[in-house]
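One structure is given here, and the rest of the page talks about it.
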């Protein structure tokens, strides 16, 4: 199901998104946005409310269309990428179906693609093993805690084995301890599968802990104001107390305040170039 | 296209198409009026007998209105008591649920016997009973389904139960009351109409429909039916207007 | 359950109390044994023969009429529910249909179809669809289904529109067709809304059936019995009450059937699920 990729996972070029164009309540959610996400990279999108990070994610997912500009996902247009299921998505609400068991929830994307019952059941169990919830396969979503539900949602997003994962504050509704555990889970899954991930978050430590690059955005109009590279290597339990971690967090915080200086609306940053 | 226009033209279109097809069907198949009169025939009948139809409509509307008002009062009063005294609530709820499934109109012959059949009273009573239940169920729900956080707040402010009722429960119940009224208003018209089938004074729309049908004056019967629909719609729209006034913050999309 | 019985007892007590009071103080209505028979008289009346010399007791006659009316009501219920569901699906899928049809769906309830019953019977009896000759029974079922379709249509529409934006985005991210979204998301999500709507529909179907029977005089149902026994109210006042209780029973039985259906539908849902 997945094909090896060398082209960028996401290539956004001059993307604009304007809501209510021409009307008094017109809003420019994204202005001339350009960003590349390399294959296998973990990129975090962070910024205050209204900066367009969720809108950008939805343009990548073809859940909404750009007013202007191009969006290439996995080497094809965003619409094609959605048709061919080249990405998996996770939201802040797990959005599991209460009337299905955990296993059947994970099977949903496969069901829609017409995969046979046997194959999907097998694949669902593999994924549940990966998130360590195999024992709960026949439970109902409401019997699981918030963190467990999100793990099921993540397992579901991996069902069709897409090269790209899009995540919109998936840990936002969880408590701090569960959050940190889930972050480690996510990194472990990423290591095992090598997926590219675009991750929207409100939390600076989370952005720094998870990603290779933190893309800082600001509102009115929504644009990228800075990109902070993070070179922390393999994360472990000491990383959060490492001095370099705090430096990176501070750098992102300063960037959010607009103090890192590079408030440029046309930034093209590839690995190694910054 | 303005928002209001966008909402209005589809139903208007559907109505015009429906009426057009009806008229066409009758004309093409030469359907006799006693089977299905054409819209044009009904309109003619209406305008010919307009004052008679109007009098009958007013008579039935008054019965319905009386029943509705009394039913609203009684339903709300008992709901208030039920919200305070759990005993009343526990007794009344299964009764209300059971009776909601019951064809109350079937009580009319009995009420006609108990009360003076030559007066409006039995019909108003039936209407009251029918109106009582949607009101009671909805208002009770509104009085009791208050956010726990709001009740905790009142408790922390050391508010007495009657204060809580006045400041929290009753305002909370207003939308529920209006929902109940939206159900009860057209229901009161139907109740008043059907109650007229069981004998008693013959000035109302229900009696006229029945007698016209019996005399095979179907065109006239349908004219009275149109008037009955108009009265029902009027009651419903009046309720909607009341809702807009009382709770202007209600979304327009789903006001059913 | 205990409270329900308590409520019934309370009503019985109040009935007898009113009679006692009425025998002493003049009340604005007739509380004599003609108009308001004692409760035990009613029970007695049930066991008397229906017609002098007949084998069937009042009770038996009422029971068989109750069952017949129940069958008609359920028939009307099924038809009404099917049409209601179909309408809801169409209205959800095509917003033009929702804007064009929903006002009429709502307005349809102001049409006093029950009042039109004699007209419908009159028209219906002259119509035949193919080999099937329309008769009054069909008219009664038609009226029942007309009353049943509205609550279901509205409830089903609300249910089909219930899924959150996140759920809908999820399905869109799977490139799911509208039909797939309907089958896999909207229908299951609408069950909590269907449950109360089914109850109201069943009640409406029962009311439609009994009242249509009353105003059309069709044989076999409980409505007809009510009219017949009402005419004999001076001679044997208890009979009409037994018939009215039969009508009440139709409603309660229908409610019980629908509750069983509801329990089957919500078997796999958490218990808090009731819209």
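Just so it is clear, A, B and C label the chains in written order, and each chain counts residues from 1 on its own.
The rule is short, and it goes like this: a contact is a pair of C-beta atoms (placed from the backbone, for glycine too) under 8 Å apart; a residue touches a chain by one contact, two chains touch by 3 or more.
Worth saying up front: this structure is predicted, and the values here are computed from it rather than measured.
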| item | value |
| --- | --- |
| Chains in simultaneous contact with chain A and chain C | none |
| Longest centre-to-centre distance from chain C, chain (CA-based) | A |
| Geometric centre distance via CA averages, chain B-chain A, whole Å | 53 |
| Whole-Å gap separating chain B and chain C, where each centre is the average of the chain's CA atoms | 17 |
| Residues of chain C engaged with two or more neighbouring chains | none |
| Parts of chain C lying in touch with chain A, wherever the complex brings them together | 164, 166-167, 169-170, 172-176, 180, 184-185, 188-189, 191, 268-270, 273 |
| Chain B - residues contacting chain C, complex | 6-7, 10-11, 13-15, 34-36, 90-95, 97-107, 109-110, 113-115, 186, 189-190, 193-194, 197, 205-206, 209-210, 213-214, 216, 218, 221-222, 225, 228-229, 232-233, 235-236, 254, 256 |
| Contact footprint of chain C on chain A as seen in their complex | 58, 61, 63, 82-83, 85, 87-89, 91-93, 95, 97-100, 108-109, 111-113, 140, 142 |
| Contacting residues of chain C [partner chain B, same complex] | 3-4, 6-8, 10-11, 28-31, 34-36, 96, 99-104, 106-107, 109-112, 114-116, 118-119, 122-123, 126, 154, 158, 202-203, 206-207, 209-211, 214-215, 223, 226-227, 230, 233, 240-241, 244, 247-248, 250-252, 254-255 |
